[in-house]
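Here the chain labels run A, B, C and D in written order, and each chain numbers its own residues starting at 1.
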C-alpha cells in the first residue's frame, strides 16, 4: 500500500487535525470532535444553515465546501463510511442560526439512515431540518430515486449556499437545492482502483488496458468493463448518456464539470473537457461556466466524471455568486 | 499506459485547446500558437510583465499561474520539455506593457538555453528582459547555484506578481523575485513514477514498499531509495533538511506549502502538513499561511514536496495580496 | 430465565465473532459493494467487547443495557449494516425496557423487535437480497418454535437453520437496495454479505 | 569538394539515425536523466528529414542551408540536446555563410564552430560528462588529421575513433551539468547519452 500515512487507524483524525490547523481562519469543529467540521464563524445568526456529511476519502467533498457562500457544517465519517447520527446532530446544533437547517448529501444507505436519525433528534430539540438527497449519477440506477450522489452535489452546495447567503428562507433554500439537482446529471469512469487505508488493498482489480464506464466513487462496479478508449470517445459516451437523461437543446445554458477522481492529471481532464465543449457548442448549447479539476475524488483512483447542470437565470446567478472555502474560491 | 488521451502526439496541443476553451475569460494565446499562453487582457500597459515557461505535465505549473496578480504569460513546451526560444519570444512581445519583462522559471538546461536565446532576441527588439532562475530544490545539489527549480516557484510568482500589480518598477519586481527565492526551499519525495504519454512507460521503477527521498519532478533519482516510512517521519526529515539550509528560529514567520505530485490524495497531504505544523509551532515559528494541495505536479506521480518560505513584512504583504488565475484564487 | 449477565456474554461473543469475520466480510462486500463490511463490523465488534468489559449485576435493567450498547455500536460503526444493527439493539432495548429477567417468549419478542427495527430503518423488503432475507425467516422460525413449546436449544437450532436457508435462497437473487443494487445483475449468484453476517451472528449468540 | 547536395544528404542520414536511436537514447537518458532524449531527438530527426525533403542545387548557399536547419531543429526539439544541436547547426551555418563549396579544411572549421557553439550555449567543460567529452576530442582529431594532410576518409575515421574513446573515457566520471548532475555519484560507471549520440551522429555523417 503506497500511501503517506502513519497508523491507518488514525488516518481520518490526523487528516482532520492537519486540515483544521491549515485552515484555522476558516474552519472550526463542534462538540470537541474533529469529525464535526463547521465554519469558524458558525452559527451565522439569521441565515438558513446548510449541512452535509459522508465518508472521508473524497476531498474536496464533503468538508471542503464548508465556508462563506456554501456550507455551514459537515459531519465527517471514516474512509467511505458514514459519520454517526450523533456527529451529525452535533454539527446541526452548532450551525443552527435560528432559521432551520438543510441537509444536502449523497444517497447512500448508511448516510441516509444516520441523517434520518439525526433529523429526528434535531426536531426533538426544535431545530427544523429539511433533507435533500443528491442522486445525480445517471447510470447507477434506472429509477432516478435510487441513484447515488456524486460530483454534481457541488453545484447544489453552490446554489443553495448562495441562496442562503442572500437571505433566502428555509423553503427557498430547500427549493433551490431541489431545482438545481433536478437539472444536474453526472457520469463517471475509472481506470484504476483506490486503496482504503485500513483495508490495505485495492477496492477492485482491473486489467492493464481496461476501463470501467459508470464506476462508482467507492469502486462500485459500473455498467461495462471494456478496453480503454480514446479520450474523445469517453467524453462523447458520457455526454450522450447524460443528455439522454437530461434533455438539452440549442439555446440552453449549462455549467460543465470535468472532475478528476484522484490520480488523473488535470492535463487529461482538459482533453476530455475539450471534446465536451466542442460537442455542446456544435449543438448550440451555451457553456456558462466550466469547472475542470478535482472536486469529488476517490483517494488515488484514476478516472474522471462529467457533470452537466442545466441553468435557468436564477440558478446561473446563484452559481456566479462569490464563495470562499478552503477548497473552492470564486470571486 | 492508463491515461485518458487521444493520440499521444496531440497530448499537449489538445490539453491547451481545452484549457483555453474552459478559461476563455481569463486566458488567450499569442502568435497563433496555443503554446504561447497570455492573460486575456495582455498587454497590461504600464505594468512590468512577468513570464515563465517550461515543459508540460506539471499543472498548475506553469501556465496555471497566468492571471491577475501573478503572471502575464507562459511558453508551454511538450511534456517535460522546454518550449522553443521562438515561442518564448512570442509571449514576451505580446505581454510587454512598456516597462520590461521579468522571466522567472526553473533552472533546467533546456529551458535556460532557450530563455537565454529568447532574451537575446527580445533585447534586439528593445524589450528589456530580466531573468530570475528558480533553484529551490535543496537536495538537488550542494551548490545552491546548480539546484533545480520546483514548487517554491509559485511563491516567487505570487510575490513578484503582486509587486508588479502594485506598480513596482522592473528593478523592484526583479528584486522581490530574488529576495523571495533567497528565502524559499523545497524538498520532495516520491512513491511511484509517472508516464510521459509519448514514451508510454514509467519514468523509473521502484519497489512496492519503497520511496525515494529527494526525487525530482521529472523522475530524476533523489538522494536515497529506502523503505516507505510513516508520514510523520517523512515530514520531519524533509523539514529538517530544509531548515539546515534555510535557518529558522523562534519568532520567525513562514509560509508553508505541502504539495502533492499528482496521485497523492489531499488527505495524505494534510497528514504531512499536520506534523510540519506541530514541529514549527513547537519551535516558536509562526505559520503566516499554509498551502496544502497540488501546486506543481508530475502527471500521476505519487508523492509530495514541502516548501518553506521565510517571510519579512513586505514579502508577507505581497503573499497576502489578492490574485486570480484559473488555478489559483486568493481574496 | 436470562438475566443481563447472559446478555452481556452474548454481546461479547457477538463482538468476538465480528472480529473473526473481518476479512471474510470485506471480501464478500468487495464482490458487490465497497468492501468495507468487515472493517466496520470489526469496529462495532471492538465497541461491543469494550462495552461488555465492566461487570454487571443480575438485577440490572436489560433494556437499558441493550439500548446503550446500540448507541455505542452506532458511534463505532455508522455504516449501513452498523446503523441497522445499532437500530436492532436499540429496539431490543426498548422492548426489554425495565426487565431484569427474560423467558423464552420474551426472547422471541426481542428478536422480532430487532427484525422490525431493521425493516423500518432500512426500508427493505424480503427478497431484496439483504440481511432481512436471512433474519425474517430466522425470527419467524424462532417465534414459531417457542410458541409450539419447543425447548430453547431446539428453537435456537431452528432459527439458525432458517437463517442458513434464507441466506442460500438469496444467492440467485439480484440486490435491490443499498450499494449492491448499483451492481445490478452482477450480484446474481453471489452470497449477500449481510445474510452471511446474520447466520454467523445468530450462531454466536445461541452457542 | 562538398556542395549543399552533400550537406543535404548528410543531414538526412543524421535525421534517420536520430529516428533509429529513439529507444536506446530514451533508455540511456532514463538511467541518469529524464528519459526523453530519444523522444526529442526523434522529433529533431523528423524535422531534419522534412527539412531535407526539397531538392537543392549544387550552387546554393551552404551557410544559409545549415542555419535554417538549426531553426527548424530548435522548433521541433527545444530540449537541452536539441537546443545544443540547433546551436551547432546555426554556428556551422554562420561559419559557412556564403559558401557553395567546402574543402577539407573548411569542413574542419565547421566542426570546430559547432563544438565552440555547444560550449558557449551550454557552458560545460571537458570532463563534465556531456556530449563535449566525445565532441571536443573528435573535433581536435579531425582538424589535426586534415592539417597533417591525411585523406578525408582517414581523418573521418580518426574523428569517430576519438569520439568513441572520449565516450568511453567519460563512463567513470560523474555528471557535472544538466539533469544528470542531480543524480550525483550514481552517474559514475554509466554511459552519458550525449556522448553516445555524438558517436552515432558522427558515424552517420561520415558514412
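The working rule: contacts are C-beta pairs under 8 Å (C-beta built on N, C-alpha and C of every residue); 3 or more make two chains touch, one makes a residue touch a chain.
The structure displayed is predicted, hence computed values, not measured ones.
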Per Cα centroids, the chain farthest from chain B: C
Centre-to-centre distance between chain B and chain A (centres being mean Cα positions), rounded to whole Å: 29
Geometric centre distance via CA averages, chain C-chain B, whole Å: 55
Inter-chain centre distance, chain A versus chain C - centres from mean C-alpha coordinates, in Å: 32
Shared interface positions of chain D, touching two or more other chains: none
Residues of chain B touching at least two other chains: none
Chain-level touch network, classified as line, ring, star, complete or other: line
Chain pairs in mutual contact under the definition given at the outset: A-B, A-C, B-D
Complex interface listing, chain A residues touching chain C: 77, 79-87, 108-110, 113-114, 116-117, 140-141, 146, 148, 196, 198-199, 203-204, 216, 218-221
Interfacial residue positions of chain A with respect to chain B in the complex: 2-7, 11-12, 14-19, 21-23, 56-57, 59-60, 191-192, 208, 228, 230-232, 234, 262-275, 277-278, 290, 292-294, 297, 299-300, 302-304, 324, 327, 329-331
Contact set on chain D toward chain B in their complex: 26, 30, 32-36, 39-40, 71, 74-75, 78-84, 87, 121-122, 177-179, 181-184, 186
